[in-house]
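Shared between the two complexes below is chain A, which pairs with chain B and chain C, respectively.
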Partner chain A sequence: MHIGHIILISPAIWMAFAAIVVLLLGVVAAKRPDKGLDHYFPTQYAAPLFTAIGLLLSGAVVWWSLMLAGVTSQAAINGEATSVSATGLFVTSGGHAQLTVDPFAAVISFIALAGTFIVMLISLEHFGEHQAHKAEYYTLLMFAAVAASLAAAASDLIAIYLLIEFLSMVSYILAAYAKTDRRSAEAGLKYFLYGAACSAIMLYGMSLLFGITGGNTSLSAIAAGFTIGGAASSGIGWVAIVFTLVGLGFKLALVPFHFWAPDTYEGAPTPVTAFLSVVSKAAGLAVIVRFLTVVATPGSAGTLAWYWILVVLTTLSMFYGNLVAIWQRNIKRMLAYSSIAQVGYIMVGVLTAMHVFTRSGILMGAPDASVRANISDKLLPWDIQGVLIYLLAYLFMNLGAFAVVIAVGNRLGSDSIDNYAGLMKRSPFYASALAVFLVSLAGIPPTAGFLGKFFIFGGAIKIGILGSPELVVLAAIGVVNSIISAYYYLNVVRLMFFTEGECKPSIVGSAAANVAITISLVLTLGLIVFAKPVSDLTAKAVYTSSPASVTTPAER
Partner chain B sequence: MLAKDFLTVAIFMIVGIAFVTITLIAAWVIRPYRPSAEKRGTYECGEIPTGPAWLQFRVGYYIYALIFLVFDVEAVFLFPWAAQLLKFKTTNHALAVLGFVDMVIFVAVLAVGLAWAWKKGVLEWK
Partner chain C sequence: MDSTNNWILPLITFLPIIGAAILMFIPRERAGAIKAAAIAISIIPLVISIWMWFAYNRSGVQFPHGTQFGINVPWIPSLGVSFAMGADGLSIPLIFLTTLLTTLSLIYSTFIEMRPKEYYWMFLLLETGMLGVFTSLDFVLFFVFWEISLVPMYFLIGIWGGPRREYAAIKFFLYTMVGSMAMLLAILTMYFHGGHTFDMLALAKANPFAVKSIMGSLVFWGLFLGFAIKVPMWPFHTWLPDAHVEAPTAGSVILAGVLLKMGTYGFMRVLLPMMPTQFGQFWMVIAILALIAIIYGAFVAMAQKDMKKLIAYSSVNHMGYVTLGCAAAAATIPGMTEVSRTAALNGAQMQAFSHGLITGALFFLVGVVYERAHTRDLSAFGGLGARVPIYAGMLAFCSFGSLGLPGMTGFIAELSVLTGTYAASPWLAGLALIGIVVTAAYMLWMLQRVLLGPLNPKYEKMPDADAREIISLAPLMALMLFFGIVPNAVFVFFNTASKAILDMLH
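This part shows the complex of A and B:
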C-alpha cells in the first residue's frame, strides 16, 4: 500500500484530535461530569476556535490539491511499479486510492468545515452558557465535520460506507441531543430508523456491485469492471446501482427518501437542523457526484435506467418540497421542506454532470479517463461546477436563515411564522438579514442563490441542447419551482415588513449569533461580486477532479 | 466468473448446514442417556439458577454492553495485528513501524473513550 500525501487530510486529522481534546476538557473541567453541568472551562469557545484553525488548514488544502491535481508519480506497490495520482491516499495495487483529495473533495471539505464553524456560532446563541453536556455536543459536531470532510474524498466503497455511517451515527445522536425534549427524542429515533433501513439497503447494493465487478471495492476499479461482460446492463447491475442510490438519497432527503426530514428538522435542536440541512447534505452530494460520474455512467447517460429514475426523483423533489412548504406555519418545517426542493435543484446539476462525463466519452468513442479530462476542457465554462457554486451559496443563505430563526426564536419562544409579523419594527437587522437570505433561497438577483441557480440551470440548458432535451425540461421545471418557492419565502418577508405585529420589545441577539449572521450576509451578497474568481476556482476544481483524477489506475 | 464466485458461497452454506446437522445427529446417536436433575438444569456459568429467565433487566446494562463491545472489537483487531507485527519487522520494516504507530493511535483513542466514561460516572452502578 502506498500512503500518499497524508497531509491532504490534515484538516480531518486536526479536527479529530481537537474533538478528543474538547471531550477531555469537558470532563476534566466539570464540577459534576455525570450531570454534564457547570464547566469551569469554556469548551463552547474552544471548539469554534479549533474549528477555525481546521478551516484555515482546509483552505490551504484546497490550494494545495489544485497544485497536485494531475500530478502522477511512480510507486512500487506490492513490488509492482504503479502509476499513482498525487491526490490519491492509501493507494492499493492497481493504483486505486481509497481516499482522493482532489480539488472537488477539497472544496466540499472546506464547505463542510465552514458550515460546522457557523453552526457552532449559532449553537452558542441557541444553548447559551449553561448547556448540559456541552463538551460532548461540540465533540460530536467536530466528529461530524471530520466524517463529512473525509466522505467528500471517499473513492472506495468501504470508505464511502464507513464515512456515511460515521456521519449518520453522529447525526442521530445530535438530533436527539435535547434528550429531555420529547420531540427531539422523536427526531433522533425517526432519523435513526430510516437511516438504519436505508443504510442496510445501500450496503446490500454495494455488496452486489462488489460481486458483479469481480471483487473490487475501489470506485475506479468498479467503473472498469462495470463495462465488461454486460454487468452494467444486467438486471443485477441495475439493482446494485439503485440500492446504493437509496442510501445516498436518504442522506440528501431526496423524494421518496425524505419522510424523516420534516419531523427530524422540526424536532432536533435548531443548530443541529442547520447542520443536517447543509453539511450533511454537502457530504452526501459529494459522494453521489463521485459515485454517479465515476461508476454509474458506463455508457450514454440517456440509455441508463437509473438516470431516468433520478430525473423523475429530481422533478418530484422540486415540486413536492415547494408545494408542501407553502402550507407550513412553522418556519423550521418550512425550511425543511424548502431544503428538499433545494436538493432537487442541485440534483439537476448532478444529472448534467453525468452527461458531461458520458458525452465527452461518446464524442471520442472511448470513455477513457484521460480522454474525458481533455474533452471536458472544451465544455467550459458551465456544468458540474454549478453544483459547487450552488453548495457554496446554499451554505451561507441557509445557515444564515437558520441563524436568524434561532436568534429570533430564542427571544420569542416560538418558531411560528405568524410571530414574524412586524419583525422589522422590533429588529431591523434580523428582519433585513432574513429577507436577504430568503430572497437568496428563492434565487432572485443579486444574491448568491441566483448565482447558483444561474450556473446550474444554465449548465443544464447548455448540455441539454446538445441532445438531451430532458435537461432543458428539468431546468424549466427548476425555474417554475423557483417562482413557486418565491411565494412562501416572500410571504415571510411580507409579514416582517408590511404587517403590524403586536407591539413588543425589540430583539437583540448574542454576539455569536450576530457574527454568524454577518458572515452569512456578507457572503450571500458578496458571492456574486466574486463570481469570476469563484467560478474559476470551482471550474478548476471540477476539471482537475473527477473522474480524471479520481484515481489513475495503471491498467486503464 | 459470476456463477463461480457465488458457487463458493453456496458450498460454504451447504457445508455449514451439513456440519451442524451431522454433528447433532451423530451426538444424538452415540451419546449415552443418563439424565439427572443437575444435568437438566439451565446452564448459567456454574451458578445455581434462581427464578424465571423472563425478568426485566435494568436499562443501565446497555452502557456496559457498549463499553464491552468497544474493547471486544479492540481485541479482534489487536490479536491479528500482534501476530503479524513481528513478521513484518523483518520483511517490511517501514510497514511495521506504520502499523505500530497506527495501533498506538487506535488504542489511545479507545483509552480516551474509557477515561471519558469513567470520569462521566458511567461505570458506577447507581
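This part shows the complex of A and C:
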C-alpha cells in the first residue's frame, strides 16, 4: 500500500488528537470542579481554539491540494510499478485510493471545519458556563468534524460507509445530548432508528455493488467494473445504486428520507441542529457527488433510471420543504423544513454535475468531452462549481440564522415564531442580522444566497439548453420555490420589523454568539464582493479534482 | 468605449449607501441630526446629476454603441461579469429624476417621528438601488440593483405604511419577485445563448435572438414579465393600488416617480435594443395590453373614492402611454416611418419623465391633505379651495399637468406618443384618446370634490401648506412648466437615445 501525502489529512488528524486532549481536560477538570484546571483553561474555550487551528490547517490543505492536483507519480505497490495520483491516500494495487483529498474534498472539509467552529461558538452561547458533560459534548463535536472532513475525501466504499456511520453515530448522541429533555431523547432515538434502517439498506446496496463489479471496494475500480457485462443496465445494478443512494439521501434529508429531520431538528439542542443542517449535509453532499459522478454515471445521465428518480426527488424536496415550512410556528421547525428545500436547490447542481462529468471511456470524473466541446470558453466554470459556492453561502446564512435563533431563544425561553414580534425594538442587531440571513436564504441579491442560486441555476440552464430540458425545468422550479420561500422567510422579517411586540427587556447575547453572528453576517453580505476569488477557487477546486484518482482530466 | 474608467457613476450610486453607513453612527435619539445628515448626503448625488446633465455630450456616443461616463472593471471575469456602468440620453434624465425626488422626499419626510433613523436609512439604500439600475450596463449588476431597490421599499411600506401595510408590503414584494425571477431565468438563458457575456452593450450589438425562435420568445416574455410587473401593465397591476394606498407619502412618491420607471426603462434599455425581432413580432400584443391599461386605468380611477387610490390608478393609465409608445416604435407595419417611430419612443420617454414629476407631486399633495384631515375620502372634502388657497393652487396645477394641459410636460408626451402610434395603427391611437378624455374627467371631478362646493365644517381650521411642503413641491411644478414650454431641453436627450435604439431595430 502506498500511503501518499499524509499531510493532506492533517486537519482530521489534528482534530482527532485535539478531541482526545479535550476529553482528558474534562476528566482532569472534573476532579476539582471549582478551582482546578477548568478554572484556568476552560474546556469549552479549548475546543473552539483547537478547531480554529484545525481550520487554519484545513485552509493550508486547500492550497496544498491545489498544488498537488493532477500530479502523478510512480510508486511500487505490491511490487508493481503503479501510477498514483498525488492527492490519493492509502493507494492499493491498481492505483485505487481509499481517500482522495482533491481540491473538491479539501474545500468541503474546510466548510465542515468552519461550520464546526461556528457551531462551537454558538454552543458557548447556548449552554453557558455551567454545562454538564461539556468535555464530552465538545469531544463528540470534534469527532463529528473529523468524520465529516474525511468523508468528503472518501473514495472507497468501506471508507464511505465507515465515515458516514461514524458521523451518524456521533450525531445520534449529540441529538440526544440534552438527556433530561424528553424531546431531545426523542430526537436522538428517531434519528437513530431512521438512520439505522437507511444505513442497512445502503450497506446492502454497497454489497451488491461490490459483488457485481468483481469484488472491488474502490470507487474507481467499481466504475471500471460497472460497465462490464451490462452491470449498469441490469436490475441488480439498478438496485445497488438506488439502495446506496437511500443511505446518502438520509444524510441529506432528501424527500422521502426526510421524516426524521423536523422532529430531530426541533428536539435536539439548537447548536446540534445547526451542525446537522450544515456540516453533516456538506459531508453527505460530498459523498453523493463523488459517488454519482465517479460510479453512477456510466453513460449519458439522461439514460439512467436513477437520474430521473433523483430529478423527481429533487423536485419533491424543493416543493415539500417550502410548502410545509410555510405553516410552521416554531422557528427551528421552519428552518428544518426550509433546509430540506435548500438541499433540493443544491441537488439541482449535483444533477447538473452528472451531465458534466459523464464518464467517457476510462476517463473518470473528467468533464465529458461532448459537453465540453459545446462550451466555447473552457474557462467558464458554472456547473458543479455552484454546489461548492452554494454550500459556502449556506454555511454562513444558515448558521447565522441559527446563531440568532439560539441567542434570542435563550433569552425568551421559546422558539415560537410569534415571539419574534417587535424584535427590532429589543435588539436591532439580532433583528437586522436575522433579516439578512433570511433574505439570503430566499436568494435575494446582494447576499451570498443569491450568488449560490445564480451559479446553480445558471449551470443548470447552461447544460440544460444543450439538450437536457429537464435541467431548465428544474431551474425554473427552483426559482418558483425561491418565491414561495420568500413568503415564509419574510414573514419572520415582517414580525420582527412591522409588528409591535414586547419592547423590553432588550436582548443582549453573549460575546461568542455575537462573534458567530458577525462572522456570518460579514460573509453573507461580502461573498458577492469577493465573487471573483470565490468563483476562481471553486472552479479550480472542481476542475482539478479527479474523484477517481486514477486519471487526471487530460484536457486540463 | 473610453479606455479610461470614469468613477463618477459608481460615486453617485454608492454615495447614498455610504451616507447610510454614516447615519448608523448618529445616536438614535438625535432625530434632527439624522434627518439633516440624510438630506445633506442626498443633495450630493443631486448636484452630481445636475452636473452630468450639462456635462453630457448631446451628440456623443449612445448606447449600444458606447456610453458616456463609462466604467468597466472586471468583477467575475471567468463568467464575463464586470462592474460596468455608463449613462446616455435614456438614463441621464432618469438619474436626475431619481436624485431630485429622493432629496425632495427626504425634505418632505422631516415630520416623521416614528423610527426616523431606519426610515432615512432605508431611503438612502433605496436611492443606491435605483441609481444602480439606471447606471448598470452589466446584466448581473443590473439585476442585483433591481433587487436591492425592492427590499427597502418593502420595509418602507411595511413599517411606515397605513393600516393594511403588512399585506401590501408582502404583496408588493412577492409580485415583484415573481417578475425578477422570470427575468433572472431569461437573463441566464440569454447569457448562454448570446456568447457568454452579461455585457449589455455587447448583447445589444450581438442581437442573440435575431431569428424568431421559441427560445427567443420565452426569453422575451420572461424579461417582459419582469418589467411589466414593475410598470405595471394590465393585468399585472393589482399590487400597485395596495402598495400605493398603504405606503407612506414619500414612499408613494418614489414608487410612482422612480420605481415604475425602472420597468419602462427595462423596455427601452433591454427589450428594444436586445430583442428587436421579438419586440416586432409581439408589438401588437404589447400595444393592446397598453391600451387596456390606458382605458381600464382611467375608468377605474374615475370610480375611486379614495384620493390616493385615484392617483394610483391614474399611474396605471399614464404608464400605459409609455408602453404604448414603446410598442408603436417597434411596430412591424409597412410604411411606418423613422419619424413616427422616433416620435413614439421620444414620447414614451417624455411620458415616463413627466409622470415622475407630476405623479410625484400629486402624491405629495395627497399626503399634505391626509396628514391634516387623516382621511383621503373624496366625499369628505369640499370647499377647500377657499380655505387653503396655496394648497388648492398647487393641486390644481399638478392635476392640470396630469390631465395633459398644453404647456406642461404631460401634453407634449402624450401628443408625441399618439402621433407615433397613429402612424402604426390609427385605431390604437383613436382608442387611446378615450383614456385622455376620461383622465380629464376624473381629474377635474377630483378637483371639484376637493376644492369646490360647500366646506366641510370639520376642516374649517385646516392650515395651508407650510414651507416644508412648498419646498418639496415647487421644484417639481417649476420643472413641469419649464419642460412643458421648452420640451427641447430634455428632448435632445430622448432624441439621441431613440435614434440609437431604433438603429437596433433594423
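Assume the second predicted complex is superposed on the first by the 514 of 556 C-alpha atoms of A that agree within 3 Å, B and C clash if a C-alpha of one lies under 4 Å from a C-alpha of the other, contacts with A are read in each partner's own complex, and residues count from 1 in each chain.
One rule holds in what follows: a residue touches a chain if its C-beta (ideal position, glycine included) is under 8 Å from a C-beta of that chain, and two chains touch if they have at least 3 such contacts.
What you see is a predicted model; the values in this text were computed from it and never measured.
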item	value
First, second, both or neither for A:Ala341, with chain B first and chain C second	neither
Chain B versus chain C as contact partner of A:Val272, first or second or both or neither	neither
Partner chain(s) touched by A:Ala531 [first = chain B, second = chain C, both, neither]	second
Contacts of A:Leu24 with chain B and chain C, given as first, second, both or neither	first
Partner chain(s) touched by A:Gly211 [first = chain B, second = chain C, both, neither]	first
First, second, both or neither for A:Ile444, with chain B first and chain C second	second
Per-residue touch tally on chain A - higher for chain B or for chain C	C
Partner chain in contact with A:Leu252 - chain B first, chain C second, else both or neither	neither
Residues of chain A at both interfaces, chain B in one complex, chain C in the other	none
Chain B residues touching chain A - in the complex, by the definition given at the top	1-2, 5-6, 95, 98, 109, 112, 115-116, 119-122, 124
Residue ranges of chain C in contact with chain A within the complex	74-81, 118, 140, 143-144, 147-148, 150-151, 154-155, 158-159, 165-166, 169-170, 173-174, 177-178, 181-182, 184-185, 188-189, 191-193, 195-196, 215
Chain B-facing residues of chain A, complex	1, 3, 20, 23-24, 27-28, 33-34, 211-212, 214-215, 229
Residues on chain A engaged by chain C in the complex (per definition of touch)	376-377, 379-382, 424, 439, 444-446, 450, 454, 457-458, 461-462, 465, 472, 475-476, 479-480, 482-483, 486-487, 490-491, 494, 497-499, 528, 531-532, 535-536, 539
